[in-house]
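Both of the next two complexes hold chain A, though its partner changes from chain B to chain C.
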Partner chain A sequence: MSALDDNAKEIAEDAGGEEIATSSREINTKEQDNGAGGPIILFFIIGLFASLILGWVIFPKLLYSKKKQPIDFNHVLHVAEVEDGCESCHFFREDGTYSGVPKLEQCIDCHDEIQGISHDEIKFVEKYVSKGREVPWLIYSRQPDCVFFSHAAHVKAAKIDCVTCHGHIGESENLKIYEESRITGYSRDIWGKSIGGFKKNTWDRMKMDDCAECHRKNTANISRTGVKTPTNRLIGHIIDLVSPGTSVSNKGGSVQTERDACFVCHK
Partner chain B sequence: MKIDRRSFLSFLIGGGAGTALSPLPWKLMDDSSIWTQMWPWTPVPEDGEASYVNSACTLCPGGCGITVRKIDDRAVKIEGMKGHPVNNGGLCILGLSGLQLLYGPTRVKTPLKRVGKRGQGSWEKISWKDAISEVAKILSDLRSTGQSHTVGCISDSDRGTVPRLFERFLTVYGSPNLMRTSSIIDSYELTLHLMQGVQASPGFDFENADFILSFGSGIIDGWGSPVRMFRANSAWRNTGGKIIQIEPRLSNTAAKSDKWIPANPGTEAALALGIAHVIIKESLYDAEFVDNYSAGFEDWKRFVLDKYGPDSVATITGIDNTTIIALARSFARASKPLAICGRGQGTTPGSLDECTTVHALNALVGNINKQGGIFAVAEPDYINWPEVEMDATAAIGMQKDRLDGAGSKKYPFSRYLLNRLPQAINSGEKYPLKALFVGDANPLYTMSDSKAVKKAFDKVPFVVSFSSYMNETAQNADLILPNHAYLERYEDIPTPPGMPKPVISLTRPVVEPQLNTKHTGDIIILLAKAMGGNIADAFAWNSYDACLKETLGNKWQVMIKKGFWSYPDFFVQTHEESFDTISGKFEFVSKETGSLKQFKPVNIEGDKTNYPLLLMPYDSIRLANGVIGNPPFVMKSVDDTVLKGNNVFIEINPKTAGEQGLREGQLAMLSTPVGKAKVKVHLFDGIMPGLVALPRGLGHTAFDDYLAGKGINFNELIGPVEDPVSGLDTAWGIRVKLAKV
Partner chain C sequence: MKHKKAKKYGMVIDLDKCTGCGSCMVACMAENNVPFRKDESNKLLSITWMRVYKLTNGKPFPNTDICYLPRPCMHCEGQHEGHSPCVTVCPAIATDYNIETGIVSQIYTRCFGCRYCMASCPYHARYFNWWDPVWPDGMEKYLSPNVSPRMRGVVEKCSFCFHKYQLAKEKAFMKGRRELKEDEYQTACTQACPADAITFGDLNNPNHAVYRMAKPDPKHHGRPTNPHAFRLLERLGTNPKVYYLSSREWVRRAGDNYLENESIAKKPAHHE
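For the complex of A and B:
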């Protein structure tokens, strides 16, 4: 027994020794894995968050320069004074074109003398009215030159409210800071305040997709394939594949150019 | 914790994922695409209120009505005025490009006084007050020493209030030396004077004519009122009107005509006589008109029948005798035939013989003062200013002979002979010219033999330019008193040459004066006031605008509204009353000039041995060759077989080029007795062998970089040849030799 036992013990010891050796190797490897795996994930997360912060927070700050309007204009005050609402100052000319931002000519009737004591009013009269210089207003809704937009078609013919595109600017007491893209020179209001491009209201953005959204819904002759933004072009293609021949033909189009599709809005 | 390669890669992957989940790449892509499609340096027209202003174009003598589109205060587009009697909505390429002159860099921005040598280009700015008092002082000094007649003035026109103010000033000051830039109109006015006894401009009723026999007139190359001619030409296509173009070179007009007949250059008068021969011989002429309302027909008939049979004319002109006979028959049998002359754009007067012979053809077919024919149109008589009161100095000055010899014993019928001025100054045979005003003209570019003209200018101690633009003459002036540009000023434009009915157009300020300029009319008035005495009394107006308004009277309101005044009560006098010659009839042979002379070709400069070829100019609507040079837009339209880089092409027949050993595109030296120039060769089957053609309107030294230094000014290569009767420049070309370079 003793001899057998000894033998068995030896075997057991040997085996145990081996076992121990194996497990200790495993432990060593595990230890090594644990030591590098943490930082890799950490770095991934650091990279992820850093770029998310860069993209969502820092990038818009770098992209847009902030400019103050030359005069802080109070819409509420003026809307109360006039009879025709927005159109009192932002009117249509006799030939149907839209006047846009008022010129001195419209202001001068009341403002040839200083009205009230506000700093901006004094600045307006002294710097601009008395010198006959136009105020270099910064226009939030200015579109690139390649876009042809007719106010008459939208406001007069389609009876769209100013608020639909411009929001409640008529109810503001101050003009907000004008944020200008350093790359394009256009206002942040075109892309929208949300850098991610999310919108809650119709007036939050003024990109081509926003025009197309309404045109798709409300115009018969310019339907899905009429206004080809990247998104609706894709939709159009899918529809054509699924049920060919159902896309609406491009009748009508622009009154000015008598052309269709892109040329309704693009020169 | 160890940072190794893996963790760095992991950071990058995390960064990549995060970036993709952030708006950064999409927004950047969007913004950069907007940026690349709307380069910030591309000018974008301002948005604003659109308005239209009716005015008149003055860039050439054509007198088109224009409608200028404005956005707020800026002129953005020039269009032809609808309903205007001259151009009815059409406009030429030069007129369309006018805004480049208004806003371009060639404007003279303020009064300038020369500092360095003449032509060196060193100027100092001077106030209007100083400028005017300086001119007034020099004029007063000349006048007080009895030299008032040594002051001259060159203007592009003698009609309208501004040229008339110049004339009035010179009269009351005491100088007879007002000169007008010459053109085919001078020859026509003289023809009408000699044959019909009237002081009038020719008016062609193209709109009602149906057979145009054009002796080299560039009907669609800028002859007459260019836009009116384009419209008439288009109308003939619809109504079946025919154009026969007689010209040694296939011009645009010839190419678009119904028949192109290349005649030996300078033999057009002989061809006209040949045509008359056939018409008379075959009794195809209008006997009613000829028998009742003409004089001297029998003499002329004998002269024509004797010497100008189709065979002898065929020898002179190089045209087949059957062609001549057929041409004569179809001209005489057409219901409303009309013969016209004036080569190219009609910028040179040409031979008086030629003009009278062509006019005689019109008389033969009886289309004088008749629908579809040629009218003698008197200058509208709206300028009725009180007579000037001349003092003794003025009277003495006005008694002096004109420096250019117009109205002298040698040339009694001519009113202006600007072409003779350089020679008169350079030879010093009469009296020197001490001061010269250059109104709306650019003689240093437009007059032939530029070198002699420059020499003459150098001899005039005081040259004042009134040009709005820094042209060649302004560059060589002592003082520039810049006029407002044509879109910044009021001015009346009386009947343009060739219009059958009188019309006055109104040039009107479309925009406020952009620079420190002054209306030439105002300068004359201010100058008169500065001189005082009788001179000031003759200019009682406070300003030019007041003068114009008063002059036009009740027409003013209509012209402001419509843009022009068209004489609704205009009527043409009957044949009994319309000829004011000695005989009271149309004179085939003018009693004033006397006998009939045999056809003699114009004595072209140069001998045949040294200069074997003939050089002639050609005109194109795409090359402005008058007071105004091509603006950049027009320059862009010039073909590269006309101008390539800075080299101008000559046109030459391949046969002649072969004889001279010249190939297409090769450089050659062109020499005439007057000057020489390096040119490129363009082979052209549409030009007669032995001829070389060079375009007019290039070779400017002034204006902008798009024009200056490009090509050759034709006037540097040719000199004037005096017509024996009129004294006008009759040269249509010059002998030339070509050598390989």
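For the complex of A and C:
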């Protein structure tokens, strides 16, 4: 009995002792608070800036590997020399497919022998032309396998110019560094230069959203859920009168989205 | 801007001509990069966008008769445009009905493999990829670049060779046309059939062979008015775009679940 009582007393004393200890600690921290506020905020600000720099500067550098094209190419020089402008080297085949990246066949007419004094040309003729080997160009605008893109539909049927999607590449004197995402294996030109995904020009990015942006303009402008109500149909007809080609009466082929059908761009 | 008359691509398969050779299946597999496995003995796991079934009238020897029935995706239109069984249930918008062509598409990158569409399809036309495709050595080089290969965990099905439509369109654009001629867009199975049993074209165009053969009745959801034509499970109201022709009564009866004494007379679907 007495042993148990002793135990109980000890426990009570222990508990009391703790209480005292904790209260004294509280006093200590209260005293320290007055001095530590500054460093904590400073620490927070440093952390914030560090993570911002990490995300916006260091991460993109780590994400993309930099590759040089096998040889450099001067668009300005070539455009001045050839007769048909861009179409001398980038042309449609008869069956409607597009020969985007030139093959040796197109170069060989002029570059059978060395024309100038540039190092890249000498390298080109010696390494590729004389050996009959194709240049392994790195393609900035290569899309994933599930994408169907028809140059004929955009250029021949819809009369869109090259610059809208490819930018002023014809005015460049050097080929830029090819940046490949280490995660996806696609070029940085697909995601866009800005890591945040902001774009100023139509040619800044080549993601699905960028295709959809244009495709949406040419189909429905009214929300997919509201499109079936009579009121919205009336609005659609009014829009059709004011600016033809933008309303629901000109909607795309998809039952699910009332825009262009998914199969238009996916394969 | 007036809306152009939409197309409704469909197929007519003459079962009296079909010899069951399976050329359509082979052509389809090759054209669409359909994956296969080393061991295909379990047919429940095989992927065949086009599959040839063997039907029999079940009678003893002197009267026995068989018929082969190739079955692609039916590209059902449903009771109103795009009300296909699979399109209406897809929670991912991975399968879609194209109003311009009447083709039911399947977007593999969008599909997350719930297989609801497979459950809703009454024709078993949809298949699930249980494994990533493994091609025999060197065969990747023979894959068609116009059809993306699928990965494990997605559903796939016949697309009426939609990429052939896209390529035919490209060619037409080069000639300054927007409309396709009948022979410019044909599916791989149609072209491969040595017996000429498969015909493909626009069911909305009276000049196309498929229209003349099936004579679809637009007032009754495309029900064929040719007495020899029928569609699979007609009375479900799925409004398929694949028509079958046969001069044999038992074959036409096999197209739907008729009762023993029920007449096959063209009765409208249940909703009328």
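By definition in this document, the second predicted complex is superposed on the first by the 194 of 267 C-alpha atoms of A that agree within 3 Å, B and C clash if a C-alpha of one lies under 4 Å from a C-alpha of the other, contacts with A are read in each partner's own complex, and residues count from 1 in each chain.
Here is the rule we go by: a residue touches a chain if its C-beta (ideal position, glycine included) is under 8 Å from a C-beta of that chain, and two chains touch if they have at least 3 such contacts.
Just so it is clear, the structure is predicted and the values come from calculations on it, not from any experiment.
Asks: By residue count, is chain A touched more by chain B or by chain C?
Replies: B
Asks: Kindly classify A:137 by the partners it touches after superposition: chain B alone (first), chain C alone (second), both, or neither?
Replies: A:137: touches no partner chain.
Asks: Check whether A:148 is in contact with chain B, with chain C, with both or with neither, and answer first, second, both or neither.
Replies: second
Asks: Which of the two partners, first being chain B and second being chain C, lies in contact with A:181: first, second, both, or neither?
Replies: First partner only.
Asks: Tell me which partner A:262 touches in the superposition: chain B (first), chain C (second), both or neither.
Replies: The answer is second: A:262 touches chain C but not chain B.
Asks: Have a look at where A:39 lands relative to chain B and chain C in the superposition and call it first, second, both or neither.
Replies: first
Asks: Taking the superposition on A as described, I'd like to know which of chain B and chain C A:91 touches: first, second, both or neither.
Replies: In the superposition, A:91 touches no partner, neither chain B nor chain C.
Asks: In the superposed arrangement, which partner chain does A:157 touch: chain B (first), chain C (second), both, or neither?
Replies: A:157: touches chain C, not chain B.
Asks: Touching chain B and also chain C: which chain A residues?
Replies: On chain A, the overlap between the chain B and chain C contacts is residues 95, 97, 144-146.
Asks: Please name which positions on chain B make contact with chain A in the complex.
Replies: Residues in contact with chain A: 1-4, 6-8, 10-19, 21-24, 26-28, 30-32, 34-35, 37-38, 40, 44, 47, 49-50.
Asks: So in the complex, which bits of chain A are touching chain B?
Replies: Counting only chain A, the residues touching chain B are 35-36, 38-52, 54-56, 59, 63, 93, 95, 97, 99-100, 144-146, 181, 183-186, 191, 195-197.
Asks: Which stretch or stretches of chain A touch chain C in the complex?
Replies: Residues 92, 94-97, 144-146, 148, 150, 152-153, 156-157, 240, 244-245, 249-250, 253-257, 261-263, 266-267 of chain A touch chain C in their complex.
Asks: Looking at the complex, which residues from chain C come into contact with chain A?
Replies: 1, 3, 81-82, 87, 90, 93, 96-101, 103, 105, 107-110, 146-149, 159, 162-163, 166-167, 169-174, 176, 178
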